[in-house]
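To keep things clear, I will list the structure first and then write my remarks on it.
Per-chain residue numbering starts at 1, and chain names A, B, C and D are given in the order in which the chains are listed.
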Amino acid sequence: AGALAAYCLMLGDDALVHSHRLSQWASNAPDLEEDIALSNVALDLLGQARLLLARAAAADPDLVPALPEGSPVPPEDALAFFRDEAAFRNVRLAEQENGDFAATVVRLLLLSSHRLALLQRLVASSDQVLAAIAAKGVKELTYHRDYAGRWFLTLAQGTAESRRRLLAGLALVWPLRAELARTHPVERLVAEQGVGVDPASVTDEVDVLLEQVFSVSGVERPGLPATGTVAGGAGREGRHSEAMGRLLAEMQVVARAHPTGLW
Amino acid sequence: TALVEQFEQVLARHDRIEPRDWMPEKYRATLVRQIAQHAHSEIIGMQPEGNWITRAPSLRRKAILLAKVQDEAGHGLYLYSACETLGVSRQELTEKLVSGQQKYSSIFNYPTLSYADVGTIGWLVDGAAIANQVPLCRTSYGPYGRSMIRICKEESFHQRQGYELLMTMMRGSDAQRAMVQESVDRFWWPALMMFGPPDDDSPNTAQSMAWGIKRDTNDELRQKFVDMSVPQAERLGVTLPDPDLVWNAERGHHDFGQPDWEEFRAVVTGAGPCNAQRIAHRRRAHEDGAWVRDAATAFAARSSAEPVETREARA
Amino acid sequence: AGALAAYCLMLGDDALVHSHRLSQWASNAPDLEEDIALSNVALDLLGQARLLLARAAAADPDLVPALPEGSPVPPEDALAFFRDEAAFRNVRLAEQENGDFAATVVRLLLLSSHRLALLQRLVASSDQVLAAIAAKGVKELTYHRDYAGRWFLTLAQGTAESRRRLLAGLALVWPLRAELARTHPVERLVAEQGVGVDPASVTDEVDVLLEQVFSVSGVERPGLPATGTVAGGAGREGRHSEAMGRLLAEMQVVARAHPTGLW
Amino acid sequence: TALVEQFEQVLARHDRIEPRDWMPEKYRATLVRQIAQHAHSEIIGMQPEGNWITRAPSLRRKAILLAKVQDEAGHGLYLYSACETLGVSRQELTEKLVSGQQKYSSIFNYPTLSYADVGTIGWLVDGAAIANQVPLCRTSYGPYGRSMIRICKEESFHQRQGYELLMTMMRGSDAQRAMVQESVDRFWWPALMMFGPPDDDSPNTAQSMAWGIKRDTNDELRQKFVDMSVPQAERLGVTLPDPDLVWNAERGHHDFGQPDWEEFRAVVTGAGPCNAQRIAHRRRAHEDGAWVRDAATAFAARSSAEPVETREARA
């Protein structure tokens, strides 16, 4: 149960934090259609995050931060708003500042291709709840990945400026991708149990897909080295980038000011 | 002429004018101005609420708020489309918005200063907007009327969500109750201003009513809104900040004080607390997005120019 | 004592919040010299803020937010980190996001000219502590104003681009200036008592100075209307702009996470 | 030749080479590389600590931190000036920094993740920097040596402040003590890496020592740092994360484990946790400031070109 809960936190935090970043595009996107589309993706991920955090809390109630006696805060919110940075399990790629639309598209492509591959296998999870969450998520992620892929192609083949920005975004985001394939002991364990998926097991499949997107777009796969770890750990160990502290300060400020608040 | 007569007849029988129908130039211009202003209001209105998406205090409220701001973008889309049926492009209208040539609802020139404002905007601001807009569902111009039907439906959903947020907060902590009251104190008067100046100071009302673009006077709508809001405020447990607010059994309506029309004029002419900020935000987003829109246009042009086989081979 | 304390909060919060904004230039300024200069100004203002908040707390201990029993947080920090937005008394001009260097220079010119004029009179305050703080501050503010004035001239007369940006910054910042001259009842009261200065009484003098800077720089005084109030109030009444909430979320996050912390 | 002999004599008597003196080209190049790298380290080093200025948890700590980051900018200034005495401009060096052609101390490619890191950087990172730099006060090139005297003085001040912050936090709450320990766990090994690779893997050391640019080997300095830090850690009440750390009475020194030199090489060659972020930050600041520097240059040129009377009349 501990491993299942920890695993749900990883999947849930990836969704929650990426959703947060995407939601920052609201009223800032290049056009109304993209404003709506990015909000859609953010909403899908937020929905997944809620289910996954609730599953984590159900599987291991000890994970949920303690709140003042009688606080009406539900477990999903206790996890989202009352955990400290080091307790968040998302990959660092999810928490990076948005940069421009190109960087956002590349990040979405990398995160959604990987997550889609995971969810496609998680449909067969021995945990019924996780399997159901995955089944719902597969449809959503397919849309996210296709959306990102279409824009990747459009920016690569659009104008010289859009291509320049796409390549710059790719260079920025790519080195953080390796973390997605780094198997955490918890992931190894849940994979062995048939509950979860070893992320390393989907990288080949994702690589093939990305190769297609790159080749249609006429973009070379970057040769950049992976972003290093910190004291041997990264996001899954709660060791994040400097962007994470500011993100959480903003995300949690109202909830924390009212630990017994009802919303 | 026959055209004018036909037009007048459509109006007389409360039927719709459609894009292909003949219409007087002033009717068209008035419609464009009104629909554009409405579209701009939806788009600018995303900012004060969007301000709280990243800080929403529960995941459920975050989802509700994000979906609501997204709906506003959707409303903007329909309304710009309705304008396009009158021969004006979204691009043109956006330029007019960011250069300050066209207006948007002044209510959005007030800041959102606490999470309670998300609820108050739903309750009072969307409430006032609905009161203004429900009659527009029967407006004479077809595409506008049909957009309004859809928009009004979503707006009442938003209004209920806003009211429900406030209700929930009132059942929470003392700090939350104080937050709700403070928010209502700030938004009550600006909400009343949303119906426009008093009738004796509203020169365009008569013509708009004759054309069936508008169906009620400002003061009629304001009265309706006050009468509706008073019992809601009571149920909520907040005080409306108007010492003159009292039930008048004779009229069968509430008497109430006048908003500060001086402030209204100032805000309308650009001197509100957030006018500059709202326009600067919109302009920045629009300018920052130019290269993306250009890329999409260039890509679309290239794709349609290429022979189909090449495209298929490539994909 | 209540009025003196409230007045010290106004002066202190202006300094604290403006200092916060200027400190955000650290490692972001156009050149090392400006990085150092802007940090200097931020440090001067921070120093003034500390003295003024301490004076406010001494004059009226009830102003200081309550903290958990035994918390070692000193009054200046309790005021800076544990007050909510509505209890901050700074003008909205101080809290605006930095924008580019031109906007920062214009804001610094407006705030420092006004503050210098105030402090020059406050030297004669009947409150000895306030008089001493003012005496120290006059030297600092003279430097701030001259620094801003020099850059105003340089940007106005530098390149077409710098002039364009200066004028844009001026248009952005100017409408918020009027709030500086709006006399709050507390300011009226302390002025009558000989403790403080009515800000409206220095505007003519500041206008003359600004007129000189504008005329040397060949820049016209903007004809823009003043930024409106909210429910009849502005920063001095604790009704701020949307920028303030985010500023405080960041400024207060660590302190609030450790209400019994020793730093 | 006579010049070479004279140069060698100055070195032999541990005297200073001055900018106007003749020097071998390789000596000059080595100096430029070393001083530039040092200057860049000061400038990039502003970022990890600057990250916490706006979030400092007390006003006193905020002032200390802001002043420290400002000092680093000042150190960068002196060092770029020292480089200019060797004929290389700050502009050139900055271009080399942001294009990745010149390096800076790898320690700054680690993120700061809590306020304790501000203290740890003062204690361990500034401590290691001082151990590296104190010998440089006696370095053969005059302007560099004199900069180092001033810088070392300020650095030891910073180190004491950092240590004092950690001491204070250790007297605070349990959460603060845990924060300090966690921070030391992250920074201990990267701090040891600051002395560079082991001597048998450090090809430039011998030449630099012969030229008097460097005065101790990497391993000597690392040993000194460990011996100094162990009692400080004890006094603080933290554990250093090295199971092999033990006093060796025979050697009169501590034995200790080796840092992960694989990680060191990765970080040096660009694959640390923050390399891309640090360079991108610096480049953005540099590019964003271009118009300001251009304006200053244009204004200065115009002012000096104008007759003095005009300038006076205008001012």
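Just so we're on the same page, contacts are C-beta pairs under 8 Å (C-beta built on N, C-alpha and C of every residue); 3 or more make two chains touch, one makes a residue touch a chain.
Just so you know, these numbers come straight off a predicted model, no measurement behind them.
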Practice task
Tell me which of B-C and A-B has more C-beta pairs in contact.
Solution key: A-B
Fill in the blank from the handout: Between the Cα centroids of chain C and chain D the separation in whole angstrom comes to 34
Handout entry: Intercentroid distance (Cα basis), chain C paired with chain A, Å
Key = 40
Problem - Touching two or more other chains - residues of chain D - result: 55
Problem - Junction residues of chain A - those touching two or more other chains - result: 245, 249-250, 253
Exercise for the section: Just say which it is for the chain contacts: an open line, a closed ring, a star, complete, or other. Expected result: other
Problem - Every chain pair meeting the contact rule - result: A-B, A-C, A-D, B-C, C-D
Problem - chain D - residues contacting chain C, complex - result: 43, 46-47, 50, 52-63, 66-67, 69-70, 73-74, 76-77, 80, 90, 115, 165, 168-169, 171-173, 175-176, 281, 285, 288-299, 302, 314-315
Completion exercise
The answer for chain C against chain A in the complex is residues 84, 245-246, 249-250, 253, 256-257
Problem - Residues of chain D that touch chain A when the two form their complex - result: 48, 51, 55, 109-113, 182, 185-186, 189, 263, 266-267, 269-277, 280
Problem - Complex interface listing, chain C residues touching chain D - result: 16, 20, 23-24, 26-36, 39-40, 42-43, 46-47, 49-50, 53, 72-74, 76-77, 80-81, 100-101, 153-155, 157-159, 161-162, 165, 216, 250-251, 253-255, 258, 260-263
Handout entry: Contacting residues of chain A [partner chain D, same complex]
Key = 85-86, 172, 175, 225-231, 239-242, 245, 249
